[in-house]
C-alpha cells in the first residue's frame, strides 16, 4: 500500500486529496509556490515543500521541481489532482522512470485519449458511438467537401490536438467550407503546433452527460452512473447534477455499458470520465475521455456513496476494485454549484483579492469543497474557482431546495462571487423543470441577469448599515472625526461585553 | 400545509429546524433572550422576536411568552426542539387551545410517557419487554422486600417522575433495602413533589440502544433503525453511532417491531424515540420513550437518507408518512460526536466565553450542526454543547477514520472544548473494536485522560509561536516595548500584501 | 442631541441619511423622506444583523480601498455604496471640473498583472485602440482608449501587479 | 543585531527563548539549549502555520485576560503559556512574598454567575468549608476555603457575573 503521497496541485482539489490521505492513514505532502505559503493545503498536509515563484509555469507546471520535491520528501506516489500536470503524458512517464507511482493512467493512455482523432478511432473500433464524421486528418479540400456532403451540414471542424475551443469552426453553409478548414488548420498550428483537423456532424442543442468509470490493474472496469453537465458558460461547467433529468433507466444502462467498453478499449486503470453528447432524440455520441479526477466528481460520490480519491489510491496501490457493477446503485439526487470569485454582473470578470469575512453553509447533506478562508488573499495567478458546493437530497426537488438554502447561507465579503448567479440558475424554470441543454445559460440570459425583482428594502437597509458603520468608524477614530458629527451616547454603541473589537 | 413555524428554542437545534423550514419554503420565526440577540438562529430565521431576560426560566421556558410571540408573528405552528418546553404536556395543551399546531405529541401522550410507572404499564400491556420489576408505586416496606426477593438483587429504585438521576438508588445488599427506599422517596418528593418510586432489576453493564420511530395521524408507524448511545458520561451521551456494532439483523428486526408496538400503544404521532437497555446476552428492555427530536437524530438521517424535521412538519401538517417500513434501509455507517465548551482535563468544567477563532471541518460526508462562530461569546446561561459533528462512511472503519480527520481539522480557540477527549474516544481500543457498554468511559478513564504520549515538539513549537506573537505585539505597541527588545527587520514581520491586520 | 447626517451614494443613486435617535441597538433613521426604526447589531467583522419590526435582514459590508467606499452584500446582491461627506464632495467636484471629453484615464476594474503595454508616451491613439492588457486568474482583458488623443503618461510597467481601479494610462 | 530573549512558562515548566536570527518568515530560535530553524507565518487571527524542515505544525493562540497569558492549542492539545519577562517576574515575586500558608484567595477557574455566598466578612472558617457557589452552563461548582482563618474580604455579590480566575473571597 502507498505510504506517502505528494499532491502536485493547490486549491480545493489539493485539500480534498489531503483529506482522503489523512482518512486512510497515508502521509500527505503539499507543494507550494510563493503565493501559496499561507494557502490551506499547506496547513492541512503532513509535510509541505516550496517549489518556486507564483506563476504556475515556474512552479506547479515544472516537472523537475515536482519530482525533486517527491524525492526529497520520499513520497512513493504523486496525485496530480485536475488541471496542471494531471493529463501530461510526459509527467506520467517521468514518474514511472523515477520509480514513483503516478496516480492516474500510463502515458500511452493519456496520449491516445488526448488526441481526438486517435480517441475517435479507438471508440469506433470498440463499438462506442461517435459523432458521424472523419476518422483521420483532412489532407485535402476535395476530401473535405466529399465527406461533408456525406454527413450533411452543419458540421464542426475540430483540431485533433484541440482544447479550449481553439482550432474549432462551425460551418453552416457550403461556401464557407474551404475557408473554415484553412482557418481552423492555421489556428491549430499556431496553438498546438499540429494542423491536423477532422470533421464532425454538428449536434445542435446537445446535452453534455458524462459517466464516471473505475478500472483496476486486473482488467475490471465498472461505471458509477452519470453526471449531467449541460449548464455551461463559455464551455465551462457551472452547475452539475446526478442523476441526469434526461436519462431513462434503459439509456443509463446502455450508455454505462458503452462507457465501460470505452475504458476497456484502452485497458484503463484508475478513475476516468467518458463524456458524451446526447441530442434531444436521446442519440448519444462519445465526445472525449478525461483521464483524471473531474472537478464535479463529488456528486457521484454523494449519490453512489463512495470516496473516489480513496478508490484511485487503492487502484494505484495495486488493489482490486472492491465493488462490482451490481453493487453500484444511485441513491437520491446530488447537485454541485461551482463558486467563482467573479463579477457576474460585469461580464464575469475575475475578482481576486482579500476575503474579509466568510460564512459557509452547514447542515444536513451539504458539502463544501473549498480552500479560502476569512483573511485569505485570493491570488491573481490561479483559477478563480474558490469552492464547490455539493448537496444531496432524497429526490431532485429536495436537492434543489437544499442548494438554495445553502446558497442563502453562503456569505463571502471583500470579493465578488457568483453566488447570486448560481441562485438565479436554481430559480430558472428550465432548470427547475429539468429541461435544459448546453444552451441553457444563453437562452435564459435575461432571466439570469434580471435584477428588477430585487427587494428595495434591502437596498435601504444596506445604506443604513453603511451609515452606522461609518459613524462608528469616525467615533473610533476619535478627535476630529467625532467632533464633526457630534456625539451623544456613542461610547457604548455596538459595544458588548466580550465582543471582539474588529 | 403549515406556513410559518415559530421555533421555541435556541442554539444548534434552532438553527437546524430553521434550515429545514427554509428548504421547505416555510417561514421561520426565532425567539431570543437578552443573551441571544447576536446568536446565529436570529440571523438565519425570517423573523425574530425578543422574549425576555437571559435565564431560561424568564424566557425560553415561559409558556405565555412563547405563545404571545407566536400570536404576534402569526405563526401557525411551534417547533419545540429538544429540552426547554419540548416534553411539557401543559405547553402542548396550551398550543392546542390557542389554535397553534404543536409539532410533537398531544399532552396525553407526553404525560403517559413522562411518568415512568405509567409508561412501564403501557409497555407491559403491549408486549414490549421491560426490566423485571414493579408495576406500581411501592406503598409499603413489606411489599418492597417481597418484590425484591422475587426479582433478586441488585435492583434499582427509581422515582416515577424521575429524571437526571434524582430519586434513584442502586441496592446491592439486603440490609440496605429499606434505607434506600426511604432515601429515594424523600429525594423524589423534594425534586418532583411526588414520592412514587418503583423497583427494577439492575442490568449491569448495559448497552443503551434506541430506535427512532415515526407515526402519522392515520395510525401508520415505522421505525428507522437504531442508534447506539452507550458512550456516556454522567448519563450524558457523548458519542453515538448507527448501526450499533452490537445488534444482529435478527435482533434489529425484533427490537424494531417492539419499538413500533410501543409507539402504536399510545397512538404516537410525530417523531419519537424508544430507548432500550440491552445486556451482554442481547436481552433487551424498554427504558423510556422520548416524545421529541433527539440530540443525536442526525446519525439516523445519514444512514437512512431522510430529514426528520421535514417529516415532523409533514406529519404535523396532517400528511401521511411518505415511506413504508420496507422502503427503509440502513446504508453505511454514521457517527456523531458532541462538542462541548468544557475543560476535559479539569473534571469537564464548563468553559463559556469568547471564541477568538474557529475553523470547522469540511469535505465528504461531514456534517456540523453547530451555532457558534468566530467572535461569538458563548453565554453562561445555557447548555455547554456548541456543536455536533456527524460523519458518514461506507462502513464503520471509514466512518471512524473520517471522524478522526474531522476532529483533526476542527479548531476552536478562546475556550476549551472536548475535541481532544473525543479524539481519544475514537482511539480507544474498546471503541475501535465496537466492544463497549455504558461503562466505557469509566473503564477507559486512564487511556482517555493519558497525556504522556503527547508529541513534545508540539510543546516547543507552541512556545516559540507565543514568543514570536509576543514580540510582534511589543513591536506593534511601539515605543517602549520595542526598544526593550531591540529591533531589526521587524517592520515587515508577518506583513504581507493584503493580509488583514488582526 | 446634535443631528448626525450625511449623504450616501448607492449604485449611483444619491441618498440622504439622518440619525434621529438611538438607544443601544435601536435606532431611528430618516432615509430621504422615509423613516426607519431598526434594531441593528454588528455580529461579526463587517456583518450586521438588522431587525425591522420582526423581520430579519443580514447585511455584509467590506471596506474598499478607502474608508468611504463599501462593497455591500445583502441577500447575495451586491451594492457599491460610497459615503458622500463634505470632503468627498469637494474631491468629486474637483475631479469633475478636471475631467471632460478630451481626456481619458484608463484603469482596470479588476486587480491583476500587466501583461502588455502596446503604446508609448507621446503616441497618437484613436478611440478603440487597445493600449494595455491586464491578466488575472487565467483571463486576459484588453483596455482601449475611449478618445482620439495623445498618450501623456503611463503609470505602470509590464509585469507590474496592479490594484483594481488604479490609473494605468492617461490619454489627452 | 541585539539579541531578543525572555522566558516562558508552559504548563508550569520554565523555558528560556532566544531569537538568534530571522529573515522574513524564517527564524532561528534557541529554546533552552535546543536550536530550531522554523518557517513561521501568521495565517489567521491567532493561527500560526509553522514548518520545521518540511514538517507541518499548526498552532492556535488565544490571549487570555492579560497580554502575557496565552491559551495555546496544538494538535488539539491545550497549553497554558505565560510570558515571564522582568515585569512578570517582579509581580510574581511580590505575590509570592505576600502569599504563604496563612492566606487564601478563592477564585473560580470558570467564568459564571455567583449563585450563593455562604459566609460574611469577619466569619471564622475552617479548611474545607464551602464559601461560595458559582454556576455556569447548568453546572454548579462549590468553592471551599483551603485554610482555617477569617474572611477578610468578599469581592463579589450574589447574582454577579464573574470572569474566570477573578478573586472572589479573601481569607487570612
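Letters A, B, C and D mark the chains as written, and numbering starts fresh at 1 in each.
We take it that a residue touches a chain if its C-beta (ideal position, glycine included) is under 8 Å from a C-beta of that chain, and two chains touch if they have at least 3 such contacts.
Remember, it's a predicted structure, so these values are computed and weren't measured experimentally.
Student: Listed by label, which chains are in contact with chain A and with chain C?
Tutor: Common contact partners of chain A and chain C, which must touch each of the two, are B.
Student: Chains in contact with chain A and with chain D: which ones?
Tutor: Touching chain A and chain D alike, sorted by label: B.
Student: Going by the touch criterion at the top, tell me which pair is linked by more C-beta contacts: B-D or B-C.
Tutor: Output for the comparison: B-D.
Student: Suppose each chain is reduced to the average of its Cα coordinates; what separation in Å results between chain B and chain D?
Tutor: The computed centroid separation for chain B versus chain D comes out at 32 Å.
Student: What's the distance between the Cα centroids of chain A and chain B, rounded to whole Å?
Tutor: Comparing mean C-alpha positions, chain B is 38 Å from chain A.
Student: For chain C versus chain D, what separation do you get between their C-alpha means, in angstrom?
Tutor: 46
Student: Which chain A residues reach two or more other chains?
Tutor: 38, 353, 356, 359, 373-375, 408, 502
Student: Residues of chain D that contact two or more other chains, please.
Tutor: In chain D, 41, 44-45, 58 touch at least two other chains.
Student: Would you mind writing out the residues of chain B in touch with chain C in their complex?
Tutor: 29-30, 37-38, 42-49, 72-73, 373-375
Student: In the complex of these two chains, what residues of chain B are touching chain D?
Tutor: Within the complex, chain B contacts chain D at residues 341, 343, 345-346, 349-353, 356-357, 359, 374, 380-384, 407-408, 410-414, 416, 419-420, 423, 451, 454-455, 457-473, 485-489, 492-494, 499, 502.
Student: Per the contact definition, I'd like the list of chain D residues that touch chain A in the complex.
Tutor: Residues in contact with chain A: 25, 39, 41, 43-45, 49, 51, 54-56, 58.
Student: For the complex, give me every residue of chain C touching chain A.
Tutor: Those residues of chain C that touch chain A are 1-4, 6, 8, 10-11, 15, 17, 19, 22-24, 27, 29, 31, 34, 36, 38, 40-42, 44-48, 50, 52, 57-63, 67-68, 70-79, 81, 83, 109-113, 135-139, 141, 161, 164.
Student: Please output the residues of chain B touching chain A within their complex, sorted ascending.
Tutor: 15-16, 19-20, 22-25, 38, 44, 298, 301, 305-307, 331-332, 353-354, 356, 359-360, 362-370, 373-375, 377, 394, 398, 401-402, 404-405, 408-409, 496-500, 502
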